[in-house]
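Data first, discussion second: the structure below is written as structure tokens.
As written, the chain order gives the labels A, B, C and D, with residue 1 at the start of each chain.
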Amino acid sequence: MAKDTLLSVEDLHLSVSHMPEARILRGVSFDVTRGKTLAIVGESGCGKSVTSLAVMGLLPEGLTKTAGHIRFDGTDLPVTDNEAMRKIRGDRIGMVFQEPMAALNPVYTIGNQVAEVILEHENISRAEARERVIALMREVGLPDPDHIVDEYPHRLSGGQRQRVVIAMALACNPDLLIADEPTTALDVTVQAQIMRLLKGAQAELGVAIVLITHNLGLVAQVADRVAVMYAGRKVEEAETRRLFSAPLHPYTRGLLAATPRPGRRQEGELPLSEIPGMVPSITEDLRGCRFAPRCPLASDICHRVIPEPRMIGATSVACHNTTETEAPA
Amino acid sequence: MTARRHRSTFRYIGKRLIHAAFTILGIAVINFLLLQLAPGDAAEALAGEAGTADAEYMESLRRQFGLDRSLIEQLGAFLLRIVTLDFGWSFRHGMSNWDLIMDRLPATLLLMGASILLALIGGIVMGVIAARNVGRLPDRLISVGALLLYATPPFWIGLMMIVLFSVKLGWVPTGGMYDVIGGKTGFAHVLDVMWHLALPVLTQAFFYLAIYTRLVRAGMLEVLNLEYIRVARAKGISENRIAYRHALRNAVLPLLTVVGANIGTFLGGAVLTESIFSWPGIGRLMFDAMMQRDLNLLLSILVLSSIFVVIANLLVDLLYAVINPTVELK
Amino acid sequence: MMRLILRNWTLSLGLALLALILLMALSAPILYPGDPYAMMGPPLQWPGTYPGAPLGTDSLGRDIAAGIFHGARVSLMVGFVSVACALVVGILVGAFAGYYGGWVDDALMRITELFQTIPQFMLAIVIIAIMGPSIQAVIISLGVVSWPTVARLVRSEFLVLRERAFVHSCIVIGMSDLRIIFAQILPNALSSITVMASVLVATAILMESALSFLGFGDPNVITWGTMIGLGRSQLRDAWYIIAIPGLALLVTALALNLVGEGINDAMNPRLRKRKI
Amino acid sequence: MTALLSIRELHCSFDTTRGKVHAVRGVSLEVNAGETLALVGESGCGKTTLARCILGLQRPDSGHILLDGQEMVGLSRRAMRPFRPDVQCVFQDPFSSLNPRKRISALIREPLDVHGVGTPEERKRRVLDLMERVGLRPDWAERFPHEFSGGQRQRIGIARALALNPRLIICDEPVSALDVSVQAQIVNLLYTLQRDLGLSYLFITHDLTLVENFADRVAMMYQGQIVESGPAQEVWRNPQHEFTRTLIDAIPIPDPDVPMGSGRKAFAG
């Protein structure tokens, strides 16, 4: 593990507890560098969200980690020990979720809920915590912080609530922030503000970010590295510019081609390039590559042998058919 | 902000008061219609077996209900009497029905208040224990117990408790509100009443205890699955704090509206409980009125009980609006 | 997997108990062809002591077992018929209020609220007082106090369902309101209605027994509540007279609740549907 | 030539728990035969309310909705029935837009039943035709909606909308609930159907990038009003209204060379 690696996930496997054949993650590995942003992209059901929950030790009941290591800042994360994880969550790892409208407890004030995380992890007085909360509210760009601390969540818009959630996640200056689809429920204009806020916080506090998203546009703009997931596996990982300019895995290429982009289409073509077929179910036991049934390049070996990730140039890719020649120098 | 909230609170209370007034009007109309359904002359029905068809009594009833006038006029007279709290005279008891009911109301309120409190506290405690141990032994025991209690006829539990605790063990009296011969005063009297209250309260509370236990358990489990609980976990909050601070309040708040809705059924249940334990409340009064076929008294009890429910509901709604910050008073 | 079996277990136990009680009700005229009110042996025989009456006899020498079997008929009949009436009224009121909203909803719900405000058991007593004690009066009074619950549930289901896109889609293809209400929305509300109905039947049976216990029921038919009421005077020395019909009531209500819970769990497979 | 759909000065408001919302404030627009008009706006801008008005699901306060010159505003649901076949709808949520208790064949046949089109035999054949057209296998006809993925359900919804041979289809965010790869399949299907059947679309979406690729014109909606309209690429390259500029700049472009907050540069690069 490199010195500046903050989080390292190795060969993570997850299954449904009472249904071992339902394998949600089938060996996922990635590293997060201090102060950098790793984006994990993929479509629904690829396992990107559960990966983040596994790191937090917050797997929903009924899911179990069957193999793999999660190392954080040089030590194994005690993901099964709730008491030990509790000390880390909110303090060293913060998390932002997808649904800001449901993320706040309706019966407590906003200030109360942000202060809670500080009081839990730091030994300071309520009055000091309140001062900290007001300062945080200002930092995350909430209007009129002195008053808004005493408001109840239902009076805030979705974007404002997400700012509160971000304030909670950043309250104890964490080393790592996991943002699981933080802007999916928001309008595009609000999304831009929230992403700017997150990037600003990163520049100022040096926090590393794991951004879980399906939106390739966001990835292109904010990520340093990108990991692409498909059906429980990581199929490709590279530095952002490289992934967009020279995607190697057929799924990554298909995904990029299917993403609408302005000024792309010529007359007479179909509007978008599609990937035929659909994602296999988690129980489907394909012997080979899980993308093979939809892959335009699939050959015999793809249906028989699981492709292991290998390095082609500076890109890690799990595909039998990608050759060195396709990689740019 | 507070001034605005105050003003909207007043407007809200005003609206609720008007609503309550219309509800009471509706209740009166339903009662009037019920009376019209009675076979034969309403006066005869009202007198029933109560008076011995005393000609003077019949005449007074006819006058009281204006039976010689048109239906609309009768309705008007009926409503007017409710507004002026004139509920007629009970020959049986030699008292006006209003005095009779008001005389008995405190005993019923004591029984109701005590049993609601017991059911609420018990239900919350049991529900929380079950929810925090979901799927394990304590949850199984509480859930099965609640299901059994919910399916048991409350009056039967009351009778069986008399058999066990009064007849066999002799711990508590079989009925009444206080010892007739003792003539206790002061604190001794209070203790005496509490002693007599024990079985009726348990009888009355068990059924609702079962309901509230199930509601709290289900509510806790539902809330514990919500997004903001996951957020709280991500903040590193302990499971105890999550259960008691974040989940409990959200799970128990809706219970308050259920209690409000149950007040009517509580009153209805009082007829049974008070009959079994000879508790001198309006339930017992209703039982006696039924046995004596005193329809006028029966209707008076029904109307006044309904009005009582309306007022209680109003208070519960206001309380709910005050303690639940997400309610926007309109 | 274990949970799935347990869930079915609730439903199957409920249905088995219910079938047992139904069987008792159906076999009553065959097993006990005489009048259950007739004296058949010495009075106050404890269960198991008098060969002719396995469950004993009451203070007038009536066979308790005969009463239990005949009482099952009345309990089930009153419960199901009164709830059926309540369902018809409640579904109509709730469906129209929920589907149309606006003033239709306001008007119908005000009336429903009124009936919920009046203490139910007291209202039932007054209706019987006016109509005279008969089995019809009991059924009507229980129907009158039960329909508002149905109406409210159906309304709340309709309020949610009418905003679902499939209902909009039916409007857009030009389907008539009645067809949308009864052929599209109602089938989707049926599972919750069934769950509630089974609990309502249990409640109605318990209420009927309470009315009979107080002596307000039909004096010509024997019910479990009547038996308990008649046994009250022997509370001190022959408490089995009360205990046995009470247990019968408990089992019946429990069966219906188990059925409701079982259906509910089967219809809302929360645990199976949990998002991954 | 009159437009197929013409909306003039439409206003619509409704009551919510938080008071009256004036959702549509004087909207005028036209959809011509065979064209796609994209209506683009953010949540709460009134675009869905506008769609509901056109579909007769919501009563407008004032204004006109003309279908082929025929006034629709003020018609009762019964009086609208003869016009229903002309305007159909594809809904946003593929999970709630199909009655879970009906089989696929019944769902697609329902519009034919309601309007008494053809004999039972002909309806059956028509259902299979429609299924084939939208890319559903005929042996799926007797299955229930829950057996299908989001994309396939959207195909079922499209088949149902096509059953009556409509001239205009209101597409209310038809792909926003779908994954990117499936979204492309559905957009392409809608595009092919338009080309083959000469349909018109009013395509409601929050995603300007999506419609830039295939809408003939876009209308930008903001706070209940149409603030700008024109050919999609024109609007993108040269936005006139402040809202449009803010929106386009905020759109993240899947290209690391176009930095955050400069969506307008997407065409330049």
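Rule of thumb we're sticking to: a contact is a pair of C-beta atoms (placed from the backbone, for glycine too) under 8 Å apart; a residue touches a chain by one contact, two chains touch by 3 or more.
Just so we're clear, the structure is a prediction, and the values are computed from it rather than from any experiment.
The minimum number of touch steps linking chain C to chain D comes to 1.
Should one ask which of A-D and A-B has more C-beta pairs in contact, the pair is A-D. The centroid of the Cα atoms in chain A and the matching centroid in chain B are 53 Å apart.
Each chain gets one centre point, the mean of its Cα atoms, and the points for chain A and chain D are 32 Å apart. Touching chain B in their complex are the following residues of chain A: 56, 58, 82, 85-91, 94-95, 97, 99, 102-107, 116-117, 120-121, 152, 154, 165, 168-169. For chain D in complex with chain A, the residues that touch the partner chain are 42-43, 149, 151-152, 179-185, 187-188, 191-192, 206-207, 209-210, 212-214, 233, 236, 246-247, 249-256, 258-261, 263, 266-267. Here chain C touches chain B in the complex through residues 110-111, 113-127, 129-132, 202, 206, 209-210, 213-216, 225, 228, 232, 235-236, 239, 242-243, 246, 249-250, 253-254, 256-258, 261, going by the rule given at the top. Across the complex, chain B meets chain C through its residues 22-23, 26-27, 30, 34-35, 37-39, 45, 147-148, 150-156, 159-160, 162-163, 167, 261, 264-265, 267-269, 271-272, 275, 286-287, 290-291, 293, 295, 298-299, 301-302, 305-306, 309-310, 313. Taken together, the chain B residues at the contact with chain A in this complex read 226-228, 230-239, 246, 249-250, 253, 324-326.
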